[in-house]
Amino acid sequence: MIRVQREDFDVGAEIEALTRDNPAIGGVASFIGLVRDVAGSDRVRAMTLEHYPGMTERQLAAIDEEARRRWPLDATLIIHRFGRLEPGDRIVLVVTASAHRQAALEACAFLIDWLKTKAPFWKNEETPHGARWVAARHEDDAAAARWQKP
Amino acid sequence: MIRVQREDFDVGAEIEALTRDNPAIGGVASFIGLVRDVAGSDRVRAMTLEHYPGMTERQLAAIDEEARRRWPLDATLIIHRFGRLEPGDRIVLVVTASAHRQAALEACAFLIDWLKTKAPFWKNEETPHGARWVAARHEDDAAAARWQKP
Amino acid sequence: MKVLYFAWLRQRVGCDQEEVTPPASVTTVAALIDWLKTRSARHAEALKDSSVVRVAVNQEYARPGDSVGPNDEIALFPPVTGGSA
Amino acid sequence: MKVLYFAWLRQRVGCDQEEVTPPASVTTVAALIDWLKTRSARHAEALKDSSVVRVAVNQEYARPGDSVGPNDEIALFPPVTGGSA
């Protein structure tokens, strides 16, 4: 399941709703991304996440489908927020559920690595030096490339 | 933080309590283990988790310390239940928080793999053929061995 | 043809989206970007370094050689930076 | 010396824990297990396959050659099976 929204989400309730009434699930992995108060050596007062409505949902659905192709998953959830967020605020939630823990853990890492390089979101940080766009990091491409099939 | 308890836990509240007021945290990985309703080809009505009080806490604390040595973690939590549990019930929760997602994800996988081979818990399943002790699986040793340093 | 801009490309070009009608000879992503650069000094400046310009055609990632047509929705944006730290 | 049993080892031996006083010659984990086997037919049966018996001395994992003494807490149990699927 895919959701792109301005509103915050309730992690416990989302996980519960995703796994309830499916006693075949043995493991649930999740990842929550939070806004940090520093970027390099600068304080971050807030950030605004811009996105490309339509393409975002399409890319997240494609990433989700790819994970379900690679691992035997009983349930998946990706929620990504947009708009203005402050340090400590939740940005993204990825949840994967499977009969076995390894599938859940790997698929969760895969989803978060891939959405970081594929989902059309851009972060604009408010720092003491003014607002600036966050640059993509080479490490993120490398993290996503781990999942490339040979 | 380590907890061994008979009672259930609230995943959302635990994660919130662990990460609140630390805006240096950028990523929170978690894993929840649930009781499945099947084991091999048999239905499982319930299972009872026996443990070794004292040694359990000691081993979980050692595993937690090892994770903190290997990755830059801001917070960790391991909760493992004992007693009688039914399909769908939560067994274990592992949460790791770090400035960066990779450290959180890897440490979470490490903790769940290691506690499976190190923490003194034993599962007794109630099946239509009677009660039986779950046998350790070779795959679990292999999963834990991935984290062995050369 | 509709062209959308995001993030700093949007700010540098100075618009969210525009309806454009390139000449019939513009049939690829690369040709479209070259043509867009001729529209204004701001376009030229914003699009000068193609290594930091990503392109989507009808909401799917596209490469320089991919084709574009009059009814397509083209988006130009910098490398994405969603997710978490 | 206190000896604890867990899981099916506890069931086969027929007791949770017992206070034992092995002869002074019993100074290692391996020697202790051999001596425990002589206590009853149930002990002998429960401990016959040492490949599925794990040992902790004072709540730390121990190996056959590790030493044991009169004030130690020794635990015998099968391979652990906690965590999740």
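As written, the chain order gives the labels A, B, C and D, with residue 1 at the start of each chain.
Everything below uses one rule, namely that contacts are C-beta pairs under 8 Å (C-beta built on N, C-alpha and C of every residue); 3 or more make two chains touch, one makes a residue touch a chain.
Just so you know, these numbers come straight off a predicted model, no measurement behind them.
Q: Just tell me the minimum hop count from subunit A to subunit D, counting one hop per pair of touching chains.
A: 1
Q: If you apply the touch rule, which chains end up adjacent to both subunit A and subunit C?
A: Looking at subunit C and subunit A together, the chains touching each of them are B.
Q: If I rank B-D and B-C by number of C-beta contact pairs, which comes first?
A: Looking at contacts between chains, B-D has the larger number.
Q: From the C-alpha centre of subunit B to that of subunit D, how far is it in Å?
A: 26
Q: As a quick test, compute the distance in whole Å between the mean CA positions of subunit B and subunit C.
A: 48
Q: Nearest whole angstrom, what separates the Cα centre of subunit C from the Cα centre of subunit D?
A: 72
Q: Out of subunit B, which residues touch more than one other chain, so two or more?
A: As it turns out, subunit B has residues touching two or more other chains at 26-27, 31-34, 36, 99, 101, 112.
Q: By the touch rule stated above, which residues of subunit C touch at least two different other chains?
A: Residues 83-85 of subunit C touch two or more partner chains.
Q: Can you name every chain pair that touches?
A: Final set of chain pairs in contact is A-B, A-C, A-D, B-C, B-D.
Q: In their complex, what parts of subunit C are in touch with subunit A?
A: 4, 6-8, 56, 59-61, 75, 77-85
Q: Using the touch rule from the top, collect the residues of subunit B that touch subunit A in their complex.
A: 10-13, 15-16, 19-38, 87-88, 99, 101-102, 104-105, 108-109, 112, 143
Q: Write out the stretch or stretches of subunit D touching subunit A in their complex.
A: That would be residues 83-85 of subunit D.
Q: Write out the stretch or stretches of subunit A touching subunit D in their complex.
A: Touch residues, subunit A against subunit D: 26-27, 99-101.
Q: For the complex, which residues does subunit B have touching subunit D?
A: Subunit B reaches subunit D through residues 31-34, 36, 49-52, 54-55, 58-59, 80, 91-92, 112, 115-124, 133-136, 140.
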